[in-house]
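The same chain A turns up in both complexes below, where it pairs with chain B and then with chain C.
Here is the complex of A and B:
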């Protein structure tokens, strides 16, 4: 799943992020949520607390500070946009080498 | 008609979503935008939570304004920091009624006041929340370091609801940062969980960021806080609908 030059593909980031979403929300069904799903609207429906926990986990696991690098937070539109943002800034996610 | 609380006072309405039946009559009270948003939820539980909370909000506010729930028109104030239309959801200024709505898990809480008000509730979340300590103001984070992990989780959520209540009261929201000022600190240590009192109580408040901040007595497994605009030493709370037994009745008031 690792892309060229050791950059993890978006699919790898997607899988990791689905796990993070399930953990911070306590909702196991989010492990199978479609990539195009909105994060702060339906169906994921993150609130401010779970959204902040997601960003904290992204920073811890991928070393990417989304809030600092994307001031408009466009990366948080959908699961896919966040995965693309993370994949483009990460070489190897923690624990998935 | 319900009297709007005087200055320095707030009404609090709790609703247990699990105890609410939303029928066709209640759905008819929602706006087209609210229907569209409700319909867009993929999971039934989310749709039900959103619908019940907004039916409850309209019914509560209609009691203060003496107009039908379906006639209420909401607007969005500009953010006081950046001017974008991301500030407080509000009624027209001429109404003289300010409100704040929060929900988490099965709990919905609505605060009503005659001055800007912010309320937040959070169910103790899944998993470890210690990572959020990095978002806390340094003075607040220091209170958590000597605590056991379970006590730290409690403190982090207490911090969160207090900070968010203030930022909802001012209309800034958390987009401009949530740890820019302390909300827990005092010479006596951080506040403990709020102790349930009677339906009317005066609670000692902490002056934070131009607001009067109190931890709200909340249902088991939840923490909540309320902030009123203007720094004052106390806030007088009237619980119009307590958790559980009164919630269903309140939804049908």
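Here is the complex of A and C:
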């Protein structure tokens, strides 16, 4: 997966994950959620249903199976930790070459 | 034909020359009559708590006609020219069950072969087979409870709830509140045993033990002074879902509460049930003087929703106690515990 030059991979993952969050929860306002937001607690408030949808979409879009690699699902602590986890496994560009 | 062991939760029916005696689009002057043998199987299986759905090449009117003619509440109707295996996968996903909990009845050997090849877990049957198959164990839950019989109606109410949710803007918690959700946790009585046993048999996504618990074991745990069996009931303004979950607590080890079984019907997913139960367990264990709450868990690719609920409730899998396909989840009770939402009714809590 490659992105436009100069955009770090984690930023790309963040942008895409915000869209995924809005889709799996049906809440458009999550497209603007801060990177440091926790995912289980407010404001996102993932539960087992929306969390499962999120992990399914992450696997489909990024090819990263969070559940298989992370027993305690620590990657889901915040939006930023999930973006870092995904970016670290998809060879997204890490910055301007 | 191999017959996998699990119980069938939903039978997907073809229409032409299967549920109907004839071909819908070719029948003159009116639509073809029902096949009486198939129609009676619909009600026999429905009485056992098994759901029905339709996968047909006909236009949607044909499915509406079949629903009216049979009086059966089909939980899904897939009408179209795509692969029937894909229709079955969508039906299973819509019901939050695995495709291996489906049976498929079609008179067309090509359709049966396509589904059988694409989805080897599905019980694929001809109309001749199905009359005999109703006596197979996978169509025969040991005990059929009132809740199981009501299940088809509940799935329809669920679809109305899902439609309401799609048009609702707020958070999930706000949605649950707006629905008048009420989760009631209570100690099990002997009368709850058949339903608890049935749940332990039918649950796969939300079954921490990965297996059923016999009625005798449940009765013994209810009688024991060192064990508790808890039930969780769920209702909202759309439906009274009845008993949808439960757990067994073992207090025999000093300072530790162990949960050998935690389970929930997958139809209650997304409605705060598992989080309510995990929250109550941590508070009750702390009040009971335990320092640790632990929950051994069988891990499969289907247990991701349960792992999410455990992580969200503050449980950690102990890497030292993990084996292949298993983990020991622990909650240190010295840390923060989730408060009780006001729509959760629990014993012994103000």
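The rule is simple: the second predicted complex is superposed on the first by the 83 of 97 C-alpha atoms of A that agree within 3 Å, B and C clash if a C-alpha of one lies under 4 Å from a C-alpha of the other, contacts with A are read in each partner's own complex, and residues count from 1 in each chain.
Following the convention adopted for this analysis, a residue touches a chain if its C-beta (ideal position, glycine included) is under 8 Å from a C-beta of that chain, and two chains touch if they have at least 3 such contacts.
Remember, it's a predicted structure, so these values are computed and weren't measured experimentally.
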So, after the overlay on chain A, do chain B and chain C clash or fit? They clash
Touching partner for A:57 - first (chain B), second (chain C), both, neither:
first
Message = Let me test your reading of the model: by the given contact rule, A:84 touches which partner, first (chain B), second (chain C), both or neither?
response = neither
Q) So, A:26: does it touch chain B (first), chain C (second), both, or neither? A) both
Quick check for you: in the superposed arrangement, does A:15 touch first (chain B), second (chain C), both or neither? neither
Task = Considering only the touch criterion stated at the top, classify A:76 as touching first (chain B), second (chain C), both, or neither.
result = second
**Request:** Could you say whether A:40 touches chain B, chain C, both of them, or neither, answering first, second, both or neither?
**Result:** second
Of the listed chain C stretches (3-11, 21-29, 57-65 or 219-227), the one clashing with chain B is 3-11
In chain A, both chain B and chain C touch residues 25-26, 42-43, 45, 47-50, 52, 73
So, in the complex, the side of chain A touching chain C is made of residues 25-27, 40, 42-43, 45-52, 55, 67, 71-73, 76
Chain C residues touching chain A in their complex are 165-166, 168-173, 269-270, 272, 274-275, 301, 304-309, 311-312, 316-317, 319, 322, 327
Chain B contacts chain A in the complex at 37, 40-43, 46, 104, 122, 125-127, 129, 131-132, 134-135, 160, 164, 173-175, 178
Residue set of chain A touching chain B in the complex reads 23-26, 29, 37, 41-43, 45, 47-50, 52-53, 56-57, 60, 73
